[in-house]
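The letters A, B, C and D name the chains in turn, as written, and every chain counts its residues from 1.
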Amino acid sequence: MPFKIVPILTPFRGNEIDGEKFKDHCLKLLRDGIDMIFVAGTNGMGPALSFQEKKMLAEYCSDITDRVIFQVGSLNLEESIELARIARSMNFYAVAALPPFYFGGIPEEWIIRYYTQISEVMETFIYNYPKFTGYDINADLARKIKKKGGNILGVKDTVSDIDHMMRYKYLIDDFMVFSGPSNYILHAAVNGLDGAVAAAGNYATEMFVQILDDTARYGRANQIIIDEIFDAASRYGQWASNYSLVRILRGYDAGDPRPPFYPLDDHTEEKLRSEVRSIMQKYGRESKL
Amino acid sequence: MPFKIVPILTPFRGNEIDGEKFKDHCLKLLRDGIDMIFVAGTNGMGPALSFQEKKMLAEYCSDITDRVIFQVGSLNLEESIELARIARSMNFYAVAALPPFYFGGIPEEWIIRYYTQISEVMETFIYNYPKFTGYDINADLARKIKKKGGNILGVKDTVSDIDHMMRYKYLIDDFMVFSGPSNYILHAAVNGLDGAVAAAGNYATEMFVQILDDTARYGRANQIIIDEIFDAASRYGQWASNYSLVRILRGYDAGDPRPPFYPLDDHTEEKLRSEVRSIMQKYGRESKL
Amino acid sequence: MPFKIVPILTPFRGNEIDGEKFKDHCLKLLRDGIDMIFVAGTNGMGPALSFQEKKMLAEYCSDITDRVIFQVGSLNLEESIELARIARSMNFYAVAALPPFYFGGIPEEWIIRYYTQISEVMETFIYNYPKFTGYDINADLARKIKKKGGNILGVKDTVSDIDHMMRYKYLIDDFMVFSGPSNYILHAAVNGLDGAVAAAGNYATEMFVQILDDTARYGRANQIIIDEIFDAASRYGQWASNYSLVRILRGYDAGDPRPPFYPLDDHTEEKLRSEVRSIMQKYGRESKL
Amino acid sequence: MPFKIVPILTPFRGNEIDGEKFKDHCLKLLRDGIDMIFVAGTNGMGPALSFQEKKMLAEYCSDITDRVIFQVGSLNLEESIELARIARSMNFYAVAALPPFYFGGIPEEWIIRYYTQISEVMETFIYNYPKFTGYDINADLARKIKKKGGNILGVKDTVSDIDHMMRYKYLIDDFMVFSGPSNYILHAAVNGLDGAVAAAGNYATEMFVQILDDTARYGRANQIIIDEIFDAASRYGQWASNYSLVRILRGYDAGDPRPPFYPLDDHTEEKLRSEVRSIMQKYGRESKL
């Protein structure tokens, strides 16, 4: 059965992380069939968190340690390594690491060094997101990293190309591949990937789990609904809508984003709720939204 | 006379900023004809610095306050605002701000809010760098920011399009435009921009100053040399070469980058030195490299 | 069983199409398990052919009419319509049409009109190739074309995104989807598409057929070999190598390209032959290359 | 004085070129201060014209031969060469050539061969338009073409980067550089290019001439108006609006585009006329529109 992994939102209150909301959201996701929590990823605002804040997130995970993949990639390698040490000492399942971002034109050799040094401390998933980082850690490069001694378990591949994802499987033995985009949950299942890490898991948790656990029955139907919700959310700004959608679809509060990211105002959240309700009804889903 | 502005390198020793080297480099640049130091920009590894480190950089500027533009943009607005407060209290010339980066798809309205809130504290230059941030704060958007009350002095425009740069001048009164790319120093002068912010100012300081101070005599000749040096440096990785080029062309040490950015090894720095020497000789420049 | 479709090369001798070689190549492909010939596509140099030349190609297909998909898209709609009339009068299986290319910024409404007018004459496959045409005729737009009366059978989708391909199936009833890229033959089979149109079919014919006819046994193994051959060919220029690979892998001559496209010189073709031989041997394929 | 060059529209009536309208438009442009007519370029729908149609255009130029630059680039080199022979026999000023388009991944060597063979027949301008052709014939490549014997007079550079344009001047002696984009007329003048080839010359003829002939007085003011008209036109589709704007601004008919390009309907042309009138009034231009 493929892994069902949620790149968890980081809830803020004012300028601070709201640890209670974070822990609560984690536990509810695990209760509802999620296998693993991906902490401090993109939807978790990882690149916007300070080193101290990432350490706090790790601590908030102390009760669910073996079900945590902790994203430690940053523009300060020593900090990334220190976070990997924490992950190891807490017995997290693994770490993941974004490559350096923002700064274009980094030599491939630096990327290799980056991943080998982090994974020396703890088993690491590459977090590949070329659109936001500017770097594509594809199967060829992943293989080079492993050849140089990188202790790489697999990849979270956030691209829209099933061939890119499968190529890791073709080229590297014992390499786990998780799809990243929310519209690739079904494709992960159909094409035999090892799991999916999808923002939609934060809010459309049950549908997400069903796609991967009972693909034949739920796969396409649920994926289409998730795609439509995602499209609706994108019109209001993905980063704000993510938080609203937890309230709308899961009925509890997972906090708000932090400026320069802003929550939807009440009126807009209501509009989004109403759109989501229409989508659910269109596809015959009962809903108490 | 257009402003000659250097986006200063941030020197590291191990994992720490080397404050003495930073101050020394600042003073030498100002001594050699530079008007203004642009602190914590891209070449200064701004997005890779913690809030504390940016505060330290501000403190290192305490002797040259009116000649500092302090880049405060980040993914944490409260921190950016706090840095602007520091800049104001220290009487810096102005702040500059990158828009939020990494996270694509931020609504225009958030960008406007971001700049109005920072510039409420202190006069602000927009630092526009679409290639690395994913956002283009063009003349239309800059005008909207001003209309919403943004206290915007001008823009550092890091694009390769003179029309994009000039359009701010066409559309907005009293708006300063500095070119960002190293190959646009001459074009800044010829097209009547208000200055240039060029990485090359860190190492090819005299040539940079001459292009802007005596364009007719030195403009094209110096720009061509700077372009060739930049091309040579890029083959070794721009982020490493910047530091080596200060040693090579200015004869003093401005430190090293910090992992995951690495200095050139001695052998490679020598190769770069030799290439730079050839370029200088080809164009009849005496050099003691 | 998914359709095995070959976007057939157009053989030239000097500046003229070599009709005998064309017919011979068609027949041999059909003999070897290919279901359908896609005429005047990209690999067939369609956009480089005159109207008269496309008519000649149609005539060369007079013995295999029900197994021809004739690509009629061009920058002259009247000519495209006339070619569709010829296709209908010859009882071809269907026509296909590239959207207008080169000229960016064409309104969506013109695209819709283009496809409805061509498909009024004969059932049409959309030939979607955003990278080369600048237009993405995605599932939403295809649906609009059908709603406006377009008689659209399906799409040849030359993108690297299985979700893009599947979305036509999700959104439109009775819509055939063929994958376009040579590295998507296997994915077409695994994901339940209706066929694959792959340049590799011209030269790696047997392997191409096996991937689609016996996916479990041959799928991944053959696809990997085709990918490696494609990569090798790309290093010598895809447009030249296509012709050489027919000689190398199928042992007969399918002519040469026409300037400004050029055949590989003998020496280079030998190098390519040797690389292909190595690839085949590496994967334990007997070969008489 | 920089050259004022118009990439002339090709007027159609039904599916045929309207030769009388074409000749009439040419003569009126030359009467109104245009130096040179650029025939069968992008705005002239060159890539959509057959070989026979391009020959007809050449014949329609028989009275203005020394003021014609004839665009002969195509996907059939023999035809391009034959068109260059015609241009020579008619004593045109020069030919220009787009590189091969649509087909990506052509080796640089083929591009060089293409330009050397065309320019062997007649002096040639490179027509560089990376956005539509996929190839950038930049200063380095142009220099290589010249070194291989290419008889290249200069370039029409349709990019938005003044540095890209100037670099031909830096690197190649006696090389004419014309700016291509309509928003680069003023920049051509300010930066000392040899001329501008601007679609706007078809309709905003007087303003176009004034920018280049009396830059100090008219440059910025006229360029801003042209930019606004261009933006308005783009909203209705550039390829349709070009034809309407001749009627609107010059008061005569230069025909219509040919499907799959369509003229604006009367209602839409009136809306465009009204927008253009508002723009002219806003900037205090008397107009009888």
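What to note about this one:
The criterion applied here is as follows: a residue touches a chain if its C-beta (ideal position, glycine included) is under 8 Å from a C-beta of that chain, and two chains touch if they have at least 3 such contacts.
Quick caveat: nothing in here was measured; it's all calculated off a predicted structure.
We define each chain's centre as the mean of its Cα atoms; on that basis chain A and chain B are separated by 34 Å.
Distance from the chain B centre to the chain D centre is 37 Å, each centre being the mean of its Cα atoms.
Averaging C-alpha coordinates per chain places the centre of chain A 49 Å away from that of chain D.
Counting only residues that touch two or more partner chains, chain A has none. Chain-to-chain contact here is organised cyclically: the chains close a single ring, every chain touching exactly two others. Pairwise chain contacts present here: A-B, A-C, B-D, C-D [touch as defined]. Taken in their complex, chain A has these residues touching chain C: 160-164, 166, 170, 181, 183-184, 187, 190-191, 220, 224.
Chain contact summary for the complex, chain D toward chain C: residues 15, 42, 45, 47-48, 50-51, 75-78, 100-107, 110-111, 113-114, 117, 131-134, 234, 237-239, 258-262.
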